[in-house]
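Below, each structure is written out as structure tokens.
In the two complexes that follow, chain A is the common piece, with chain B as its partner first and chain C second.
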Partner chain A sequence: MNADPTLRSAPVPGTPPAPVPGTPPAPVPGTPPAPAPGTPPASAPGSAPAPAPGSTPAPAPGSTPARAAHPVAAPAADPGTGVGGGPAGPGRGRRLRGASPLLWALPPVALLAVFFLYPLALVVRQSFQPDSGGTSLQPYADVFASPAFREALWTTVWLALASTAGCLVLGFLLALVIAFVPFPGAKGVARFIDVFLSFPSFLITLALLFVYGRTGLANGLWTGATGAADGPFDFLTTPWGVLLAEVTYFTPFVMRPLLAAFAQLDTAQLEAASSLGARAPRIVRQVILPEALPALAAGGSLVLVLCLNEFGIVLFTGAKGVTTLPMLVYGKAILESDYPGACVVAVVNVLISVGLYGLYRVVSRRAGA
Partner chain B sequence: MSIRFDSVTVAYDGNVVLDSLDLTVAPGEVMALLGPSGSGKTTALRAVAGFVRPASGRVLLGGRDVTDLPPHRRGIGMVVQQYALFPHLRVEDNVAFGLRARRTPRAEIRERVAEALEMTGMAAYARRYPRELSGGQQQRVAIARALAVRPAVLLLDEPLSALDARLRSGMLAELARLHRELPDVSILYVTHDQMEALTLADRIAVMDKARLRACGTPRELYRAPADEFTASFVGNANLLPVTVTASGAALGDARLTVDTAGAAAGARATLCVRPHLVGLGDGPNRLTGTVREIQWRGSTHRLHVDVAGHAVMADLPELRDPPAHGAEIALHFAPEDAVLLAAGVSGDER
Partner chain C sequence: MLVHSRGARWAVWAVFLVLFLPLFALPLLVVLGASFATHWSGVLPSGLTTGNYRAATRGEALQALTTSLVTALTASLLALAAGTWAALAAAALRKRQRRVMDALFVLPVAVPSVVVGLSVLVAFSKPPLLLNGTSSIVIVAHTVLVTAFAHQSVSAAIVRLDPAYEQAAASLGARPAYVLWRVRLPLLLPSLTAAAGLCFALSMGELSATMMLYPPDWTPLPVLVFAATDRGALFAGSAVAVVLMATTLLVLLAVSRVRTRASYR
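Let's look at the complex of A and B:
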């Protein structure tokens, strides 16, 4: 709410740099050059004949008539600009510049379509085609009716929610310490978090296996010390193991935006609060936390989405009883060859993720993060 | 409540930023800490607030040693340059913050918030958020917030520096009024602006390079500065290198009559004359020189005159017929308007 958006370093994902629909500046035809800073001087709307008016994605209603008027305006505009060289020179540059946003947009859009949207569409289509043939909602009915799906859905949701809550609490506390408790190496820790973000998720799980696994470090110490056959730590293959791994892995995703937000916090506010008689807990609650809310919301919703879709951690803990939606997709598709069923689960997973992402955008925009 | 610095030294990484400060602010007194940036004045204030720990020395409030107390137990009101209001709290909640932290009963909080807002003229803005206020209004809220807890000591750290010139003089009058209404509150006022210090302070402590240079009433420091730094920082000053003679001082060929205050004849000294006490034309202590610069400032003319190689400034009531550039003119000043500063007192350190 209060957060100055320019202060937050958290990048708003997904906002393209505003490709104005109906791109070419196209001011009033015939106006002499330089209508706005940044537009090329010779940007007179004229000549740019190339993009057929209809081919523009989302052609603004006004743009077509404007373009139709160009040829008329062109001769008037050219002498006005009077830039050296023949008319061909500026004309060519103009054409390139006018068309370039579209040209540049084409490859990524095509790539996206071929490698992402089309396969996704195939998945969706498959989900409506039961093995018995034809097109029906039967796969959905089957999947929704199966206890395995409902259990996986529930497991996925509560694991994701619990992990997110854990990450938020742990991340907030750790970020508080790193940002506000001066200790040697705080900077190094903050930098390590950046590195940590680049680790693959299964690496953390693997590390946990080394520590808490059946033959891991902790159990080894225990059996070595007591002579018992088995150690006391046997939670890694339970949902708690998954939870621990997810909290461990995703906490830095919360800390990163928090540290950025804390760095922007005016220390004078903390001092003012302190001189007014507030102790540390009150300062955290009433000064720091409200300032950190946008960052918490941003980090939390990001982690929630990531946890919903987490596959590597669940797979690596080898938790037999823990089946999440991604695991169910994997099981149905690879192990049971039930492609329609797998696709249904995948579609549900995608819908939840997209829904949450939408929520995330709304929240983060409202929060100004 | 009195504030006392007892040889307070503050160092960061072995870098001394406040060197053995001894200073006492009497109960109800306004003490200005005046100095350029890096002079240690803000550090001194922060030592009172508890945000910096002295490497040695003690800070006493009302005779009680608070050196080891954390800031929240010192009972101090503090206002800083950038207001530092809590942006997510309404004005009234900002003002109530300190009272809530002290667990004041609810009814009393309401009363005292209203009183503090009334005092600072911000009662009409109680429901606003800080971002909906102008800079001057935000600073009033910050002052109300500091006063609401009824501190015996108020620390003001460049409170007017973020305001524009017109607002500043208004707020200065406002602060003076507040102090008349709260005569028991001791105020430590950090500023680099001599006008603020001269206007508001009962006494001024001039600081430079982590040290206290001089301390006295504004009048004392202005009329009889102890050294060159004080002379040039409290008000404008012409500082002329002279040689002490039996009857006064010599500046080049000119023989000047001034109070030598017992300085030995033949010694080198600095003569301090305020520009507005320099007159045009003949008179006692006559100096002749060449006009280098004429500045018209509305109600006054400022002349920069080259007198035997020394720059002399003269602030004169607006001249009907100002001298021309390069003209040879005569200046004079009354013997009692000049102060002889012993050379070397400050010159060696600069």
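Let's look at the complex of A and C:
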């Protein structure tokens, strides 16, 4: 599972029109642009609700006239806070206030509770119930004492951190070229990245088997050129194979918000800096990087969470030496039928991931606001 | 334009291609190439055949394709309904309540999908709701996983909605239900279809929770791809994977056409 809305390259005022040629503009003349009209890849994981991180609310040239036309009405979009501010809708807003909005919110929340929160609570409860019966911390003690768990925890954390670092560096470089040294077909590359996001992660591992596998493309090239019996590439079943696959799969998640942030950047700043004598590395460091920091922070923390939770890539690698927390949950529950143990690992994994995701929401809200 | 000298620009582009092609284009090409081959021990695949596809579009694989399609369609429609309802309801709440509701509905994104699978397995393997071993347990898990994305896309669109339209409709005497049906939902249609496409793509590729839950008679495509590669049938597996990618892309394309049509209205 990937993605998060905060990353959608949302059309922000001042963003050049949607990248798809021949897309009709917003639904109704004069509407502020709907989120990503006509960008099918916006549907790809990584799409986002909030204005792209790093976007400044300052009306850039070309901001939608509709917004400008109702400067006061805009805040009233929010019936909850619109009290007293601006001309709130005469009937509707008032009628919805009071108890009835809560009543309307009840059915979806009830569904979520039955199908998500209650099962999650059962997992927590089961983690305190060893097979021997009763309620105790025994499952926790057992799991924490096992070397397999400690190793999985360590592998998960360092793989996630290393993948995130790799994605940030690679994503920043690639987005930089697409945005500021554009070449014919750069738009197409950006679209390709979006399509890439809608494929499942395990495809990457499957492909790497053909590229770097024991009898794959790279080793075939080597043995063909040198006549050796074996190629030098034999890292797929090690953590490095997982690292390569995760960097490949998750880099687009960093590039999307970055490209959105770069689209916001006024190129006049770059021209000014360069006419004052700054060379490219210095412009990148002093002009572009500060603008990109919020997008980098948001994208990076999202990728960190996704890497912590990644299962398909590790499963397809099929390496006995690489066990992460999600793999351990699967192994304990399905292969060993040790449900209390699986639940303990699940609780640990959820705590780490939700904690980091909460951090990510705070960071991206601060960056986007 | 960041780099002005022509030589430097070419150098930058060369570095870009050297990074981009092997990392992003090669994997997809390789899977495509392997799906037409029986051996791969040199630079190029050998033993070209379409047999993998013949196998991938009949019998077990065809059944997996329909399973995946039914699961993804059902899950994304359910998720779209629940997510849109939640987003619309949340938009009418006060700020603090809305925050709580948004947080509740994004939670499935942060929880690992394997854990979602485990929790659904633990909860619905016993009465009162005994779903284990049926197709609905897979659909339930997929719906839970993708509802978060539907909710996020739609609530982002609601924030951007120009309130002038609904205010105008309301001031002309339209009741809230009418305003919702004739004004807000049509204006939201582009993002609704976008959310539907996103949910569909995610559900088509979902592997983690499915691996925890799938009953023997309800095997979606990703599980089949895993089963094939796990027993060493890499080439047959890639053909199934290509079928999976192609189906996802076709549906996304169809959905985006619906969207462009809708935006003319």
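FYI, the second predicted complex is superposed on the first by the 262 of 369 C-alpha atoms of A that agree within 3 Å, B and C clash if a C-alpha of one lies under 4 Å from a C-alpha of the other, contacts with A are read in each partner's own complex, and residues count from 1 in each chain.
Basically, a residue touches a chain if its C-beta (ideal position, glycine included) is under 8 Å from a C-beta of that chain, and two chains touch if they have at least 3 such contacts.
Source: prediction; values computed, not measured.
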Contacts of A:D266 with chain B and chain C, given as first, second, both or neither: first
First (chain B), second (chain C), both or neither touched by A:D142: neither
Which of chain B and chain C A:S274 touches, first, second, both or neither: both
Chain B versus chain C as contact partner of A:P107, first or second or both or neither: second
Which of chain B and chain C A:F180 touches, first, second, both or neither: second
First (chain B), second (chain C), both or neither touched by A:Q286: first
Touched partner set for A:T248, first chain B, second chain C, both or neither: second
First, second, both or neither for A:T215, with chain B first and chain C second: second
Winner by number of chain A residues touched, once chain B and chain C are compared: C
On chain A, the residue positions that both chain B and chain C contact, one per complex: 1-2, 274
Chain A residues within the chain B interface of the complex: 1-2, 266, 268-269, 271-279, 282, 286-287, 290-291
Contacting residues of chain B [partner chain A, same complex]: 49-51, 70-78, 80, 82, 84-89, 97-98, 101-102, 129, 131, 142, 145-146, 149, 155
